[in-house]
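This is the structure I want to talk about, given as structure tokens.
To keep things simple, chains are lettered A, B and C as they appear, and every chain counts its residues starting from 1.
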Amino acid sequence: MLLQFLINALSLGSFYALVALGFSLIFGVTRAFNLAHGELVLLSGYLGYALSKYLHVPFLLTLPICMLCLLFVALLLHRLLRRVQEPIELNTLVITFGLALVLQNCMLLFFSANYRLIPCTGAPFELSWAQCTVTRTQAMLIALSLLATALVYILLWKTFLGKALRATIQDPEAARLAGIHVGRMSLIAFGIGGMLIGLAGPLYGRTAYLHPFGGTEATLIAIIITIFAGAGRVRSILLGGWLLGSVESLAIFTLGASWRDLVSGVLLIVLLLLTPEGWLPRQAKPSR
Amino acid sequence: MMKRKPDLSPVLMLVLLVLFLVWPLFAKEAVLYFRVMGMACFYGALAFSWNLYALTGAISLGHAAFFGLGAYGSVLANHYWHISPYLSILLGGLMGAVYGFFWNITFRNLRGARFALATLASVEIPKVIIDNWDTFTFGSLGLVGIPPLPSLELGGAVLAFGKSLRAQYYFLFLFMLLIGCIHKRAITSRWGWAIRSIREDEVAAATLGVDVAGTRFQALMLSAFLTGLCGGLYVHLLGLVEPALVFSLHLSALPLVLSIFGGRYQFYGPLLGALILYPVDQFFFHSWVPVGHAALYGLVVIAALLFFPRGIGAWVQQRMKYAWN
Amino acid sequence: MGTAANEVCLELRHVGIDFQRQCVLRDVSLTIREQEIVSVIGPNGAGKTTIFGIVCGQLRPTRGSVFYRGHDITRWPPHRICHAGIGRTFQIARPFPEMTALENVLIGVWFGKQGNPPGRGRNSEGAELLELVGLSHKGNVPARELTLSELRRLEVARALATKPRLLLLDEIAAGLSPRAIAQAVKLVKALRDRGLTLILIDHFLNLTARVSDRLVALDQGEIIIEGKPAEVLEYPEVVSAYLGERQRRGEEEEGA
């Protein structure tokens, strides 16, 4: 029983970490606040749904297609947000708020308010020795999320590009002075973020119902984990994802699913109150 | 304060006032006009209420919390205590103010994006509680059959706000005017200058003797109260209530979009946004794109922030200034 | 209401402050008397502006307390401290960017003392202050269009609008030409003649020797030494703290 709970929490948590990773990378490098993050995940999910239902594309193939499409969308978003003036955090927040509205209504128009789910073909894995079940979806979630997270970690910590990205996250001004092309870093961050969003979409469509207004949840999750872990800190994000997945699973188990949004809301408020100086790994110096 | 060039706006205002107040007296059958413009006035009032706090520089994404609490406060008071809707609407305003008090205590050190996020998250608390508290609030099913505004007798004339769309139009117009006056005071009075100094640089303002915390508190409480009033009024206009309706993101977004579009720092800005965007949405977009027409508001926000962040009013004024010179 | 010179105006008692696990001020104790002109000098990061922030209420010290004319103002909010009679300028000017120069000053006039209603009479106070700092011709210009030196002067006019008894001036002479520095010296002396007590932060030592009664040298959050300007500037530790930024007395003499 406990093991089943752990498996559920682990698969949910890994997925949360995946959702948060893209957001945190974009935010860390560009300070751009993408409130439409969840809607983009949803978009990718709907795309995966359409591919699988109408074009009969096998599920595993929809993943790279969605990743490519969302890469493109993310680069468009990057061009849009480049024109935003100071204060960047607040203004990108409001603009993407508008974008979220637009996307929600577009999805409502094209896909209607019906709940949709990408069906799972194939039997779940029965682990009779532990008396629990791991569905194919869950297995895929865990495997792909961990794979993506590992790849991002290797990129950030074992490559030169990753070093440049991390420098930009810590202090864009200093990075610029050190010769790092910050504009290019922004582009790359959006690109990688887009691909991660693209990956998360169809996976989301398999686990939860696709619904035009379900994006806010995903955005909130991404924000909560990013604040908790710090932008660009891959291992903390993974841990944060697992923790959040466990907390939410527990909340759903004890209080019921309808209280979930309240738990997320309170969690976000608490985190915002506890970290007044900033969400980034390195604290800013006092300006006085 | 100091006028820098002759101001056309009072003249314009007078013309518009006559147009909006006098013409409808003779047009009894313009039902569509009354319905759309009446609601445009309502949303103008809502935008004014939101903008009161935005004047201090704080962008709230969670005013739906005040709206929803105002709505439910009004509905439940009316349902359980059978008090007049006018009274219950005031009670709704008070509910909004109570939650505003909570915001002030909890979010007092948050600014900018962090504040905006916190407000967004804070809508969930009353929404989920009301949604689940079936026995008291009727939960997610909501309540229908809410009585409309009762008629008032004024010197022989009966103003049937509940039944006559024209009477309702005038009521909403006056409601908007009242809140608009408060909004104007919040810009042009001494208190308004304190608010403006906080917005432009709160650290410097404090050094010059402005009570930053106190002024912020006043602005927030007023904004929350008025938004709650709007919520309470809304349910009596609509006749029904449910959590997903009155706590929706759309209701948090709308006053923001209208104010940013119309101009956050002009006393007429939010109203301008409401009078332009709402009819455009209802008359054009709604018929072209019946489902998802609310995307208009999202597009407006994006365009406004990129091209005319100070609002369309200021943009026009600037263009006129260039034309003058 | 007159205060005799030599009475204690401001007192810092063992003030210390930590920022995110970094100790910015260790243990600062300082006494300023009425109508003194005291300069605080020291290298970058010594904590000079931090002291101003604590006195004016923007920052809350981790240790110690601040007394102003016998009142413990350590925990007072900034606006209350302003009403009590302490004003300051900021090292990097903080004007209200969208307001005109006159409106900037009027905020100080209206809110600087409790219960000050705006009115026609008040506008002239603002105009007078602008004239005092030489900004009359820029009264209707939005502050964001002013030059750096004009902004500095606006800061002073604005701070004076609140009718302070104690004025904290943060680097008003940095980056100014010798002639502008001479004007600043005149202004500071005129302010003292008006009965103000002045604390100056003067990292570049431009004003210091000419104007101050006393010098306080700060380094790494502690007071190294305080005393007459001549003594302090010769003190070996002060000289070494300034190594690389040392200003010889001779260069200063040329400017006047």
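By our rule, a residue touches a chain if its C-beta (ideal position, glycine included) is under 8 Å from a C-beta of that chain, and two chains touch if they have at least 3 such contacts.
Computed from a predicted model, the values in this text were never measured in an experiment.
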Longest centre-to-centre distance from chain A, chain (CA-based): C
Chain closest to the assembly centre - both centres taken as Cα means: B
Distance from chain B to chain A - Cα centre to Cα centre, in angstrom: 33
Rounded Å distance, chain A centre to chain C centre (Cα mean): 49
Distance between the centres, which are taken as Cα means, of chain C and chain B, whole angstrom: 44
Contacts with two or more other chains, residues of chain C listed in rising order: 58
Shared interface positions of chain A, touching two or more other chains: none
Of chain A, residues touching chain B in the complex: 33, 80, 83-85, 87, 89-91, 93-95, 97-106, 108-109, 112, 213, 216, 220, 223, 258-259, 261-262, 264-266, 268-269, 272-273, 276
Sites on chain B touched by chain C in the complex: 1-2, 4, 190, 193-194, 196-197, 200-201, 203-213
Chain C residues touching chain B - in the complex, by the definition given at the top: 56-58, 77-79, 82-83, 87-88, 90, 94-100, 102-103, 107-108, 110-114, 117-118, 140, 158-159, 161-162
Chain B residues within the chain A interface of the complex: 59, 61, 106, 109-110, 112-114, 116-118, 121-125, 127-129, 131-132, 249-250, 253, 256-257, 260, 289, 291-295, 297-302, 305-306, 309
